[in-house]
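A short worksheet on the structure shown next.
Read from first to last, the chains carry the letters A, B and C; within each, the first residue is number 1.
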Amino acid sequence: MSKPKVAFFDFACCEGCQIEMTNYGAEPFLELLKHVEIVEFREAMTETTTEPIDIALIEGSFTREADRARLMEIRKRAKIVIAYGQCATTGGINALKNHQTDYKQFVYGTDSDLPHLDSKKAYGVDHVIKVDYYAYGCPVNKYEVLQILLHLLHGKEPVIPNYPVCVECKRRETVCRFDEGDYCMGMVARAGCGAPCPAAGIPCEACRGFVDDPNLAAFEKVLVERAGFTPQRAAEKGRMFTANALEAS
Amino acid sequence: MEHQCHWNEVANIFLPREATIVQAVQATPTEKHFTLKMSDGQPMEFEPGQIVELGLLGYGEIPIGFASSPTRTESFDLVVRSVGRVSGAVCKLEEGDTVNVRGPLGHGFDLDKLRGRDVLVVAGGIGLCPTRSLIQYILDRRDEFERFVLFYGSREPCLQLFGDDLACWRGMQEMEYHETVDNADPSWTGNVGVITTLFPKVQLSPETRAVICGPPIFYRFVIRELDAIGIPRENVFVDLERRMKCGVGKCGHCQINDKYVCVDGPVFSFADVQDLEEAF
Amino acid sequence: MTTSFIRSDDFAAFLTAMMEAVPVYGPVAKRSRFVFERLEAPDELRLDYDVTILPPKKLFFPPAQDLLRFDEAGVEAALEPTEKVLLGVHFYDVKAIDQTDLLFSERNYDVNYMGHRETTTIVASNIQNVSGRAFFASVGTDVQPEGHDAFLTAIEGGYVFETRTERGEALLGYGAFQPATDAQIDEAARVNAAALEQCPEKLEHGTEEIATKVRAAFGDDELWNELAADCFSCGTCNTVCPTCYCFDVQDTWNVDQSGQRTRFWDGCLTEDFAKCSLGDGGSENFREQRGQRFRHRIMRKATYLNEKLGGPACVGCGRCSAGCTADIADPVRVINRIMAS
């Protein structure tokens, strides 16, 4: 049996998630190559492909109308599409601009009229195409992506957590940010990262987005009562990685 | 409390045994009927109504009720509905493939309470699978039981399980078999309607022991019929379904109030669970 | 069994000798809190801790524990317990260990817990500082802590060391113990009694009374929904609870195609705990509402297991109260409110 063909594609993003894919270390990566054939991977190889693909991993947001056709073309020749990284799954940090109007001038200055910068609101790629699986995070947890690939190679649906980051903080006995006078978004943020940020003494910013049913009313209340946020700041706090989810809620 | 160090003398309850698929039949579009033998040649000794954790390494385990009678020692049957990671992978298996099993587990039908009595089995949909174990048992030891009535309801004719069995049961003297479908197709000439429409067809004694297994909504309606006949609730046995994970009463997922379905059940006397708010 | 005394000056040498012979776990500081960890040096031990973030159950029932390992050649059990000493367990945590010992050994004896448990010598210790949400003095007061091998009480100038088992007795060989005097034994008793007077929170009713009334409140949906309104379904109250022991089981593969079946701590407050797949993306969640999940936990702590355990499945450590970000998990507030209604 020939090895499944895997390709990495990028849209509006920093390509940091693609870089993260090169960080497995030689041994696991070479072992993985025994089971898959990588046919396109801009950050690591020159070759590209127009052939059918078994698994397409798409990074980056949909934010330019011009990208629609390319996304649809990838979907057409891919058996499985995985959106990986927060830009591709929910719009990620790019979606911060969705509630601003003057961002182009601020970011690009005199270059802001260049045609390839003609962007609109930023969305996850499922705004345009059907996505089969989501690997959340900014950046992705490379071990989770690996686990998703291994599951798919065995024909098994990947397991993506739908519980908050608090679960993972407590499992590793991290001192709660609120107990140290800080704020945190872990109570509404989707786990699966292993909660490295609070363990390092910084708040969770929900870079994997929200759990399926986040209690946002209680979240705002806790930010005000325990972290001293103003109600307005509490209401907007969720925007960093979850602007589209907040807009929809 | 003094601990006797004997952990290394006790079998690991999570270590499975291997079984080989000797027959695999796609029973309905989503359900596959497997006949299995333990790979080491040992018989699987169980009671009707008990469950087994059916597993595939790398995929996980699912609890499945035995669908054949322990009186048929040659092999045992499991019917798997493809709904998730494990069941989906299992349903791709064919004759000659192997699976892992842990069991038998749980508390089955209390046969002593059924022996010497009239028995009514009411099965809905996939609920026929675990009850088939009891049905076969009664048929194999027919003289141990009195009158035997079976009601079987399906949504549609094409979703009926165990077609060969049904063909056999329809004409059988040893049991009174009645079936219904919620929605008929042109081929169907039998009763159309929900399960309760079968009750007027037979006169049942209040001394009857009743066994119910079906989807959650099913129980309330069937119980109402049994109440009307005057069958005391301690003589009604229900086979319940929850998210059983470990199968050994530890992991907590299958709890109905304070009961663990996997070890306290899955078969309960209705009298024991009727007051549990989370049961029905 | 015996009651001995060891001088403070000799205590570090006792720890050092023990640590050279066997891994020793005890409470150590972690930022502003405490955790049970393997001791690297005797001065890490903080017997003055108030409460640890996680209870000692993590040593017997790790947050992620491989049950099986498999590869193409077959499958084998993953359990490899080692002898160790767990030092400095407060009595409420010993009571909790008694519960999990029973629950993991009854009906289907689980070697994956019991293997670690039976290879552990437990030395309990007196409570020098009481945590801000503790209520151990007013919960399950009829239940005595059993599952420890020795009990250490800090008194003036040293520690009283009461052995409860042969295993506890064996530890005397590591240190310069001498028989305790009656005065020292009396002082230890006073110290332990005094800790019970310092709980900041208190249940106002007895176990039986609480069990009956809480159970009767099951149908009060309005109450449960209100109590759970701010619940994040984060399961912190479960995760930090010394008597919670629910778990999920997941299989994973390694890149070389070997793999493992692992159990992870799970909690009945999380959204998907009682959710079953029905296929085609459909599912049935047997406790879909926050209020239903919140209620299930309170029922389990206050009523469901009482008969089996001989008391409530709560030991009053206050970890859930302190750990709950929304501060709604406190059993004392919930139960006292129900009792007052």
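Points to keep in mind about this one:
Assume a contact is a pair of C-beta atoms (placed from the backbone, for glycine too) under 8 Å apart; a residue touches a chain by one contact, two chains touch by 3 or more.
Since the structure is predicted, the reported quantities are computational estimates derived from the model, not experimental observations.
Judged by the touch criterion defined above, the protein chains are all mutually in contact, each touching every other.
Central chain by Cα centroid: C, whose mean Cα position is closest to the mean of all protein Cα atoms.
Farthest from chain B in terms of Cα centroid separation is A. Should one ask which of B-C and A-B has more C-beta pairs in contact, the pair is B-C.
Chain B and chain C have Cα centroids separated by 38 Å.
Computed centre separation for the pair chain A/chain B is 44 angstrom, with centres defined by C-alpha atoms. Residue positions of chain C touching 2 or more other chains, listed in rising order: 250, 252-253.
Of all residues in chain A, those that touch two or more other chains are 154, 159.
Shared contact sites, meaning residues of chain B that touch two or more other chains, fall at 58-59, 84.
Across the complex, chain B is touched by residues 67-68, 70, 75-77, 79, 81, 98, 101, 103-104, 107-112, 114-115, 117-119, 146-147, 165, 218-219, 245-253, 259, 261, 263, 266, 268, 273-280, 284, 286-287, 296, 299-300, 303-305 of chain C.
Residue ranges on chain B touching chain C, taken from their complex, read 1-8, 10-16, 30, 57-61, 81-84, 100, 216, 241-243, 245-246, 248-253, 255-258, 263, 277-278.
Chain C meets chain A in the complex at residues 30-33, 35, 52-54, 63-64, 229-236, 239-240, 250, 252-257, 264-265, 267, 270-272, 290, 323, 325-326. Residue ranges on chain B touching chain A, taken from their complex, read 58-59, 84-85, 88-89, 92. Within the complex formed with chain B, the chain A residues making contact are 154-157, 159.
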